[in-house]
Every structure is written in structure tokens, then in C-alpha cells.
Amino acid sequence: MPLPKDIMNFRWDMANVVKNEGHVADLKSLLLDAQKASDGLVPYASLGAHSQNDYFSNIMINNAKINSMQDYSDVDASLIIGGRYSKKIIKTDVPFSVAGMSYGSVKLPAKISMHLALNKLAKNGIKILMNTGEGGALPWEVYGAKESREHLSKTHWDSILEFTDKLLRANHLEGIDIDELFTREYPLIVQYASGRFWKDPAYLLNADGIEIKIGQGAKIGHGGILPGSKVTELVAENRGILAHKPAHSPSRHLDILGPEDLVAKVLELRELTKWETPIIVKVGASRIYDDLEIILKSYADCATVDGLVGGTGAAPYEVREDIGINTIASLRPIRDAINDYYETHDKDGFKLLVNGGIWDSERIAKTIALGADGVGIGTGFLLAMGCTLIQECHTDICPAGITGSYEKLDVEKSAEGIFNYIKATKIELQNIAGSLGREKIEDIEMTDLSVNDLLTSIISELPFSDGTNHVSKIQTKIDHAINALNLQGGKI
Amino acid sequence: MRLNEKAVIRKSILDLCNTGLPRQESTDDVIRKIREKNGSQKEENLWEYIVALGAQLSRPPFDPYREKIKLTTKIGRKGDQKISLKIPILIYGEFDLSQSSKDALNLTLNDLDDDRSTVGLISKDEPCDERKYPHFQILDDINKLADPDGIVLKYTGAKTEEKIEKIRKEFDGPILVEVDEDFSQYVESLLELGIDGILVNTENITKSKRYNGKHAIAVIHDARLAINEFYRGKENDGACLVVAGDVNNAGKMIKAAGLGADIIGYDTSLLIAKVGHHSENFFDEEITAQKIFNHMIATKSELTGIPAALGYSDFHNMSPGDFRTSSIKASVQGDIPLEGVDKTYRNIVEEILDEYVNTKNISVNQQERQKIINLVIEEEN
Amino acid sequence: MCGICGLMMDDSKLRHSPVGSILQDMMESQQIRAQDGAGIAIFNKSNADDSFKIKNFRKEMSDYVIDEVKSSSKNISENLQKLRQDPECHFFSFENEMTILKETGLAKDLDRKFGIRKMNGSHGIGHLRIATSSRVTPFNTHPFSTTILPDIAIVHNGEITNYNMLRDSLELEGFTFHTDSDSEVIAVFLASRILKHGDIEKAHREFVAKADGPFTYIAATSDSIAIVRDKFGTRKGIIGYNPGTDDHPPFWAMATDLSALDVVGATTKIETPHPGKPRIFYRN
């Protein structure tokens, strides 16, 4: 979305006012109001919500160290998805994955950086899962496995190569080796979203997993949108849509209005993939107990839950800020839903991935201790590529060149950043589990955590470091109140 | 992430990316240190701690492109004198506007009506003759009654009731009363007299002694409670709650509506300032009018978009049960459930108290129980 | 979000029509839609007398048993009061000529337990449940009725999203709710309007205007049965007519899926109820 000149000027003026007077909150709302007055449109925003309280920092992992002299590299960090109903499984070497960021919302160089970094990691023995996001997949993602190319006709393959060539040349990346590009060594999950932005059935058939996206933390109940300014001709060609027009996806799958429709959709995809491919259902955290109970009954292998802080390429500002609950707060109803379900069903391989505001090893460990099997990271990978968190992904002015094209992204340096980020995060995770005396990351438990404030204790069911919990804290308050009111315990 | 912690988070992650080695401190360690150094953050703007529950599988969202989301609001309890607003907003400000601002506003409001986006105006001035929008006249002196579509009276003690009775004889359009902080004591008797709704200005009321240290959500919550009390045992004939003051963006409007507001009083001076202030030109009536128009149309889209995402086809169908909070203070003041536990802080204290007196064998009567609970929850407030 | 069905015999002189067996066929044909619970309500005028039955679920160990309290019109409010105060008691139904039966599990299990196929009457409704926002328990299973008036039963597919708001205002007016299911609000709302103006068709119209969200419901009273879809028509619903055979008189049938009409031969005069417009059949 291009910004009119007076808005830019206004931003500049206001930034000065803020610098001098420090009205941060006012600036936000003034900017939005000015923008509305200027174009009469709903103001958009990107990345995650500015949650005032995401609880993560109020939770501690007792006695754990992220940095240790000892070698804990034998701690098992693997994650398996699938096998509950699917014949195939996905096995990764770290319990975190690259959350869905589509081509279109991030530019091609960033997608290629991630692709190259993940391949390099796979060669170094760390397989990590990548999610395509809802904007379809790139040719080397769809046809990255050798066997997927075997049955292609020559004309089809040539047209794929031709499009690839166009993509690379447009981004001045002709130097990349095509053979290397068309080797995908990491597992890929493709999103089946309400916009259906793909034009090749191989998108679904060649994937290692399919994720039905019902909602995402940044815009629950609101369809996706890729602003027209970002729908370049190549993005449009890749998605099979018109160029330079906003790419809307409906707020709901038009054929999924309720639980029985979800069951039908999962079974449809199961038939399509001959019951081989793991199927995931993704929702944003809101009425999460109810939604998860439905997913558990829907023949899915795995659920992904995306908290309020989960990012986006573009969402209406108010929708991003005001809809959905925080990641930590969603974990308690999630645990309840899973426990209630397995009271009457036999245990099976159902898995839970959690996204939203998770950036480093400690947050991964906390989320896993609170009931997740794995997590998804989006913003963390953007940071690894140089994101400055100015949250302008919906415009074309990304100063890091990730989501916009003001700057050119250094593909090699970005890939290096991602490589280091994943490698170091894995070591930190192993250190945490190892220093707690655990053999597996998944063995980190709620008993390893403590909190430092009352609200976090209420919401997470975790105790304080001195062993008290919210119940005893409130009981003490009750004691004080009884004394203050001169009610003598026992007598009355 | 909090805005002021962005830099810390970025640096912490970049440490990993640059070295590929474990850090000395996790992101949360650093954030915790900063928070300790700065002291705990005061929860002032409670709006920021309130979120809505979106619709997904257990209920599907509506899509404003496919289904029509209703914003229309009627003011008036009797069938034949209702005023209809197409956007639930009454432009309302206490300060006098310059004549040119007034003209610009008049222009906009007429344009909005042409666009089938009628909003109303509350003002001290006499209504314009060529207006297409409803005008509520603020009436200090009964003798100054012009020819408005509705009337706003300020509550000024017991005399107000006499005034209402008198006006009712001459005027059968809607009458709204702007109340002060003691509204709980007299709202029922005002409604009994046949007024059509009350107007609370949260900014004024939160400055009063009674609401000292409290937030707009507490005022809205209490005002809705007072109106509901009036309707106990009878059918609701639609007395409305107009909320003005600290509700000046779409997010706050949605949350206010969830807490019980029917109509939002949108501050005129603020509106003009917002859109006029940064204009490249000096004050130009038409440009200003166009900007206010744009602003209202964008706000209208926001006000339809969010209810749709919550699964509603009508702005007025949201209820407190659709909201959650991440602040104990907000839970106490607005009676909003805490996120993740779906109970208010009051509910949690009640449960723990009942369990506690049971195990300790303390007998507490209803009155004492309430006192204890109030003391405990006030502590967090 | 479930499977619903209903039928109304076109010739009520035959009060002993095989309503139960037709309903059972329709339910079983829709079983694929939902497996958490099943229930029916069947109306038979010959059951009508001057006594009222209040049925409750009472928890015994881990199971629920059905309690039945017979009341005359004199002590009815007293008995209802007792029920409201007992936390172990879950309201089941308030019946005069109507019979409600419901249970968690499949439609076949319901028939095995209560012999639905042997039941006769003039009209009836049936429901298959998949839980969305309330737990899987017998008392959250449809049909729902209300203690406000006897012989009102509703089955519902979808979600009344502004349930909280409607419930709050009905409770303020003084009407009692017994479960935490959004579907109950339909029964209570209809009963409250029947008390007010006695016009069932108007009551349905008022409900559609006030209720939000995607839904189709079928509501039965002692002399009517109606199928109602939300104003956008987001949820399914279909009506058909069976011209009758030697075994049974002609009847109108309605259901979520066409297959349910197929299986009972109600395939003439097929129509889809217009969104937001109640389609009512009266017992003649």
C-alpha cells in the first residue's frame, strides 16, 4: 500500500512530537486516524500484535542453563508429525519449524535464503520443517524431490525451468545453481488456505504434509490479504491470480462452516493423498478449547495453534491487535481439551504445534513444557535475515529488503544468519534439557517452570519459585481481609 | 511484543545469528532485567489488555464481502419516534467549534447521509435547516428549544426530573440524559420517566472522586448494569447507552460495544483535530469535510469487519462473553474473564474463598463474604 | 453442528402413525454427520391429559438416570422450583402429550434402549449431535425443551452466536435456563413469545430477526412443526412430501440432508426453506 505524501510528512512530524514529549500510545492512534482520513480505507499493519502482556518473561525455567561447558549434544531434540492416521510421518531434528511465510508477503531473495539455509542444515544433520504459507509454493519447493520430477513431461519441466529462470533473473539471482536449487532436503508442509492460491495439483501431492489453515493468530476470523502493491507479475503468476490487484482470501473456507465440514475436508484430502500424507489443522487461539476438541475429532494428525502475537504479512490494524488470546494463555485450555479427549479415547500420535511470540530456545522450552510437542517460528527467522521490526511488511518499504524492495537482501549472509540461528538454538535447547538432566527435549515438564507474578500463575497453573501458587497467594490475601474486617476465624 | 522491547529482542536474536553459539542470557532474561530496572509497568490504558475471541471452527466467521453486517441503531423507546443511525456514532464534543469547522462538519454529515452512512450530531447549536442527519440539541435552558430531532439534557440533580417531565409535554423525539458519576443511584428513575437513553462521558466520570483511579471500562460496565437493573422482570424496549470520552478509535468502540455501549459519542474537536491538523493546506472546508468523510467511512469498515470476524452479522450482538483480558485490573473493573481460564478474577477469588472457609471451618455470612471478596480484589485494582 | 430431521403427518385423524420408525430411518441415514448423541421428540394427542411430566437427569455414580415427576397443574410451579434448586438434577423435558428421549451415542443405540421404532404419533423431530461448544453429556443432547411451557421441543444444527446476549436479556426478563447449550435459547425464546402473544409464526419470525450466526432449527409444539434457516441461509435444510402408502398416511418431512428424505420416500414437492423465512406445518 503506497503511503501518500502527507501521511509520510505527518509521520515525520509526529515522530518529532513523540521524541520531544514521549506520547507513544497517542502516536499510534493519531497515525491510524490520519491514514483513515487520507484514503478512507481500513488501516493495515503487519507482524505480530503489541501484546502488553505475553507472560513469557514472567516464566522461568528453574536451574536450566542455555550456555553450558558440558556437551549435551546427545539430547534428543527430534519431533515426529503424522502417523495418527497418515501412513507416512515427518521426522525433524529440532522441535521447531519455519512458520508459514508465503512468497509474495516475503520477497523471493528471502525465500531463497531460507531454502538454501535449510538445505545446508540438512546436509549438516539438522532437518527442519518448513511451512509454505498460504501463497502457494515455489517451483523448487514443489519439485525439489527427485522422484517428483520423474513423471513430468518435457514441456512441463521446461515451462517450470522457464518460470524459475524468470524469477531468478527478476531478482538478479542468475548465479544460483539450478541443480542445487532443485534439491529440497528438508520436509515441506503446504498450506491449504481459503484463498486456494495454487495452480498445480502437485502442490498438494508432492508435499510432505498438508496444513488446513482455518485461522491465524494475527487475523482470526479475517481472510488474508496481499496488498496489490506486492502482487507483482511474478507473484501473480506463481499464485495464478491477477497482477497488481490485492489478493484477498475469504474469511472462512467457503465449504467449511462447522465441524462436520472439517471432517469431510480432511477425509477428502486423505483420499487425495491415499492416506499417506500427514494432515494438520491450524487455528488461531481464541475459543481454543472448543476448536481443539473439534480438531481432535476430525481425523487430523496434528493441530497448529497460533497465539495473538503470531505475525502476518498484512492484517487490518484493529484485527491484529484485538482478536485472539496470548500463546501462553491458550496452553491451559489446550491441555484441558487434549486430556478430556483422551479420557474416552486411546492414546495415539496426535501432535500439537504452537506458534506466536516464540523466538528463542527458552521460549521453545517453556511452550513444550506447557504441553506443546513443537513450535513454529516466523519473526525469529525474519530477524535472522536482518528484520528491523519496523512492522511495515504490508508496504513496500522494508529497510532489510525482506518483505519490500527498498534494499537488496544479501542472500548468502541471510542464509548464514538462519543457519547460525537454528544451529545455536538447537544447542541451547539441548543445554536446557541436559542441564535439567533430561534425555529428550520433550521431557521438559511443567514442574521445571516457575513464575514471578500472580496473573501468570493463574493463567499457566504454574507455581512461584518458593513453591507457593496463585491459590495460596489469594488465600493469604483472604486471611488479611478476614483480619482487617475483624472476622475471627472459627467463631463466626 | 511491547513496542519498547523490540530492540532488546532483536539484539538477543542477532547474537545467535552472528555467532551460531549459545548466548549467555535468553531473551526473557534480558527483558526481565529491564523490567526490574524500570519498575513494574503501570497498567493505565486497560483497552490494550482486552481482546475479543475470534470465530473459527466452533462458529464460522462472517465475511463482510459476502454477508451484510448490520450497524444500524435505533434511538427511542416508543415505536413511532425512533431515530435511525446507519453507523452507531453520534459526533459529540463539549468544546465550541469555529464556524468553519461547523460548516465542514455539516457538509460531511450530509454527505455521509447521502452515502447511506448516517451518523448523528450532538451539539449546543441550533440545528441547521438543510441537514439530512439527526441533530441532538444539548439543552441547558428549556426555553431555547429549537427544532432538533433529539435532545440531550445534562443531569443536574433532582431538578432534571422536572425538566424531563416538562420537555416531554412539548417534544416527543428521543431524549438522552448525560449523567454524572452518581448515575447508579438515579438511572432507573430517569428511565421510569420515559427518557430514551443515557450518555456517559467516561473522560469526565473517571476524573470524579467515585471513579478515582478507575478506567473507562468500569464506567461502561456500571452504566450497562444500571440500565439492565431497570429492565429486570420486564421486556427490554431499547433504552440506549451512549458512551463518549475515551472511545476514540475502532478497537475501543468494539470493546465498548461488547461491554454494553449501543452508540459511541465521538469527540468532535478530536475528530477535526485529527483530520484537519496535518492537512497540507491551511483550513479548507471542503478538504476537511472530505477527510472527516473518509475517516468515518474507514471507521465504518472497521466496525463491520471486527464483528464479522467474531461471527456476528450485527455490531450490537457482541457481549462481554466474547472478550478476554490479560490484566487483573481490567477483569475486576469491567467484569471481563481472564484469558485462558475463562473466569473473572472475582470468580477465581470466590472459588478459593469458598474452598478456604470450608476447609478451615469458618462460617461467613453472605454480607461478610462479599466484603472479603471486595477487599481482596480491590487490592489488585 | 449436527443432523436434524422432522415430520408432520398430513392426516392427523390417524393419530397412531408410525412416526417413530420414519424418524429413526431419517436419523440413521444422516448418522455420518454426527456421532456424539441422538434424541427424538414425538407428539401423540392420545397421551394428553391434565397431568404434566417433568423429567430430569440425575447423576448416579458415573451414569445418568431419568427421574420423572408427575404434577397436576396445581403443584407444577412448586415441583419446578424444587428442580431448580437441586444441583445434581439436570432438566430433561417438560411434557404433556410429547415424549422426549435422548442419549449420548448413536441413533441405533437410542432405538435399542427406548424402542423408538415402536412409537406412534402425529409428528416428531429428531437430532444427531456433534459437540461444538458444550460437553458430551446426555443433558446437552437435543431435543431441548423448556420449563416455561410444556410440549415445546427444538432440534438445532449450527450455532446461535449471540446466544449470550439473548440469554442475558431473557434471564433479566425472568425466564430460567437449565443447560449451557446455545440451542436452549431457541426453546426459551419461543416459549416467552408464545406466552406474550400466542402466535407461533410471529415468534419464529422474531427469533430469526434477533438470532445471529449460521443455523437451521426445527421446532415442534403440540400443533405445529417449523423449519427455520438463518437470514443468510448459511446452513442446509430441505423439505419433501410423501404422498402416503397402505402402511402410513401422507406426511411432510424435513431434514439437513436430502438423503434423509430419500430414505423415507418424501421426494415430491421438494423445496428449500427460504433463508430467514420460517416454514410452518400445522396439525389439522
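By letter and in written order, the chains are A, B and C; residue numbering begins at 1 in each of them.
Here is the rule we use: contacts are C-beta pairs under 8 Å (C-beta built on N, C-alpha and C of every residue); 3 or more make two chains touch, one makes a residue touch a chain.
From a predicted model like this one, the values you see are computed outputs, not experimental measurements.
Greatest centre-to-centre distance from chain A is found for C, with centres as Cα means. Across the assembly, the chain pair joined by the most C-beta contact pairs is A-B.
Taking the mean of the C-alpha atoms as each chain's centre, chain A and chain C sit 43 Å apart.
Inter-chain centre distance (chain A to chain B, centres taken as mean C-alpha positions): 32 Å.
Chain B and chain C have Cα centroids separated by 39 Å. Counting partners per residue, chain B has 55, 57-60, 62, 310-311 as the residues that reach two or more other chains.
Across the assembly, chain A contributes residues 257-259, 287, 290, 294 that each touch 2 or more other chains. Annotation for chain C: residues 132-133, 159, 214, 234 touch two or more other chains. Those residues of chain B that touch chain A in the shared complex are 1-4, 6-7, 9-10, 12-14, 16-29, 31-32, 35, 41, 43, 45, 48-66, 248-251, 254-255, 274-275, 278-280, 291-295, 297-299, 301-302, 305-306, 308-311, 324, 326-328, 338-342, 345, 348-349, 352-353, 356, 360-365, 368, 371-372, 375-376, 379-380. Residue ranges of chain A in contact with chain C, taken from their complex: 257-260, 287, 290, 293-294, 297, 340. Within the complex formed with chain B, the chain C residues making contact are 132-133, 159, 161-162, 164-165, 168-169, 172-174, 196, 212-214, 231-232, 234. Across the interface of their complex, chain A is touched by residues 1-2, 33-34, 130-133, 135, 158-159, 214, 234-235 of chain C. Those residues of chain A whose C-beta lies close enough to touch chain B in the complex are 6, 9-10, 13, 24-25, 29-30, 32-34, 36-43, 48, 50-60, 66-68, 214-215, 219-223, 248, 250-252, 256-259, 262, 283-284, 286-287, 290-291, 294-295, 308-309, 316, 318-319, 321-326, 328-333, 357, 359-363, 380, 383-384, 387-389, 417-421, 423-425, 427-428, 431, 452, 454-455, 458-460, 470-471, 474-475, 477-478, 480-482, 484-485, 487, 489-490, 492.
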